[in-house]
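The letters A, B and C name the chains in turn, as written, and every chain counts its residues from 1.
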Amino acid sequence: MDVSAMIPELLSALPLTLAITFTALIAGFCLALIATTLRVRRVPVISHLVDLYVSYARSVPVVLQLFVAFYGLPLLVALFGSEDFFSPTIAAMVGLSFYHGGYLSEVMRPAYLAVDRGQHDAADSLGYTFRQKITRVVGPQAVHFALPGYGNSIIYLIHNVALVMYIGAADVMATAHLIMERDYNQYQFETYLVLAVIYSLMCLVAWLIVRFFELRSPMQAPEATTTTPIKNELIASV
Amino acid sequence: MFDTDILLPDTQEILGAVPVTLGMAFLIFGLSTIVGSIFALIEYRRVPVLRELIMAYKIVFKGVPMVIVIFLAYFGLPPAFQFLFSLLGINFNAHETPNWVILVVAITGCVAAFQSEIIKGALNAFDTGQSDAAHSLGYTGGQLFRRILFPQVALTAIPDLTTSMMVIMKALSLGFAIEVVDIFAQSQLTAALNYYYLEAFVIAVVIYMVIAYIVTQIADRLERALRVRT
Amino acid sequence: MLELKDIKLSYGSTQVLNGVNLSVKRGDVVSIIGPSGTGKTTLLKCINYLAKPSSGTIAFDNVRMDYQRADKAAVQAIRLRTAMVFQQFNVFKNMTVLQNVMDPLVVVQRKSTDEAREIALRELERVGLSSKRDSYPSQLSGGQLQRTGIARALAVRPDVILFDEPTSSLDPELVGEVLKVIKDVTSSGITSLLVTHEMQFAKNISNRIVFMDRGVVAADGSPAEVFDAPSSPRLAQFLQSELSFQ
């Protein structure tokens, strides 16, 4: 069969897949930053609510999170009165942002806590403000610790973008299903192989980008690499 | 909305899927731990060729989303089984392989890659001085494994294995694509019957979160109990 | 210039500082000695409010603060006029040696990069690290790290410099190079507080020795008074064990 014929058609849906991915990446990052800040500062009540959010994002299957966003969002939107601001794509973006934010916060928090107490002491003793301390000293070091886990979290996000077709978003997977139906379901196995390659390539690109930053990090030194102070989860997240 | 007349029967119906889900999860957990341990031992012992194959296997399973693996298994396993059986001369229609078996095999395949990483990590954390000490005391290989290596490696791996268990539970939710009914699929079926979608999904969310809570609690207790003994 | 009065501090149920009084005159070089765990580090950290006492007061020239009503402005004023050298170095791991010394000047003191660079290079020269200025902390020995820490502290031109056991996490062969730098610093006339277990060194460079024991100042005097005529059996015993250890 001619697999190459379907590739352009599959790739025509790639922009939407990428748009969902990038939205979730950015919004999820912001959510994770807020969640992590609230958690490490132990704001009473609020930090418990944030804990609950993180355990929602981590212990509920992502498909289910997507369905919750899909059926829950219209209610929220209705509360605020605007009606036509809703589509499966938006639900996918919102659902995945919340998922990614919760997952990422569990990467950021250990990374922040892994920064040696003495680094805080030194910055404080020199008169750095909290903001200066975070942006110049603690933040960059935490980023170094967080990078490998961040790379994983991006890969798992890309995997989970493959699920948005179930709430009706017209991404690469959904397009593949359309193609298969049109071809009378003759080449399903082959189509999924092509999909596997497309998703693997996306993950590979993401991994290479993160790896580039890891290697560029000034803290990358012989002794620093052997004893990473935080443990990264080895297992995929679905 | 969120009427008890809807919530109660819905909850009952969705809870009904918990035992099956847990059953499949434990099955996959067991199988993937066995396969993962074999992989880990091969890597730990640095068996040539096999080791490279396992590395390739891991890279592939890290890159491909689990849904796609499940679909590939769904379309690829029955013909593969059929071919194997015909080679062995067994007359069996593999196209009738139940979907849940396919799902179990697919998820086991994915999770085994991760389990082997976990077990390898725990093996590497074991300090070899102890095995030197055991050998010097005249322990046999089997005694060393049963009395010293295994208890320590298992203890180190507990937190990660707990995460694996949770990931397996969640991965089963992808089974709805090939008509295997777990907690999530059941909530979808329930919702489709009475159109109270959000209610059914929220119930499922709560069930997943409660299970996650219980599993982590049990793992914590287990770890603490074992840690005291060693 | 610096006066601490009745400092009390506890971690949980353990009372670490039990009413410490200490006053330091401009130009003093005060060595603080005492058994492990008696709160020497904690006392130094009270001065720049890295440790938070439950009661007591501090007067630093014209800045006065009651620890029960600690205010940000006073804390910041004190932090800007003191600098600390840490037992664990605490050199910023994400910056080169030069950046470590420059950063506080640029960020906190708002000096221009050029000026900061000039000052930093001078201080690095002084501690003998000019050649390592572009190295990252992970590439340095403990002695070099500590000299970076000292250069960073000197560069901010503090009125008082606080040394917290600057050599006790160093390998023995690296202690000498750091002590040499400290001796150079203290003899330049800057007011210094030095927590140390190096008895001979303390005796040589200090004009005052403070012996801390169980959360209070148990002896305070010139090196001759403290070392040659110990005022209490516990001090005598402490000196005995330290000297025999060395």
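Throughout what follows, a contact is a pair of C-beta atoms (placed from the backbone, for glycine too) under 8 Å apart; a residue touches a chain by one contact, two chains touch by 3 or more.
Keep in mind that what you see is a predicted model, and the values were worked out from it rather than measured.
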Least step count from subunit B to subunit C, where 1 means the two chains touch: 2
Greatest separation from subunit A - chain, by CA centre: C
Geometric centre: closest chain by C-alpha means: A
Gap in Å, rounded to a whole number, between the CA centres of subunit C and subunit B: 55
For subunit A paired with subunit B, centre-to-centre distance based on mean C-alpha positions, whole Å: 22
Distance from subunit C to subunit A - Cα centre to Cα centre, in angstrom: 45
Partner subunit A, residues of subunit B touching it in the complex: 1, 60, 62-69, 71-72, 75-76, 110-111, 114, 117-118, 121, 160, 163-164, 166-167, 169-171, 173-174, 176-177, 184, 187-188, 197-198, 201-202, 204-205, 208-209, 211-213
Residues on subunit A engaged by subunit C in the complex (per definition of touch): 116, 118-119, 121-128, 132, 136-137, 140-141, 144, 218-219, 221-224
Contacting residues of subunit C [partner subunit A, same complex]: 45, 48-50, 76, 79-80, 82-84, 86, 88-96, 103-104, 107-108, 136, 138-139, 149, 152, 156
Parts of subunit A lying in touch with subunit B, wherever the complex brings them together: 55-56, 58-64, 67-68, 71-72, 75, 155, 158-160, 162-163, 166, 173, 188-189, 192-193, 195-196, 199-200, 203-204, 233-238
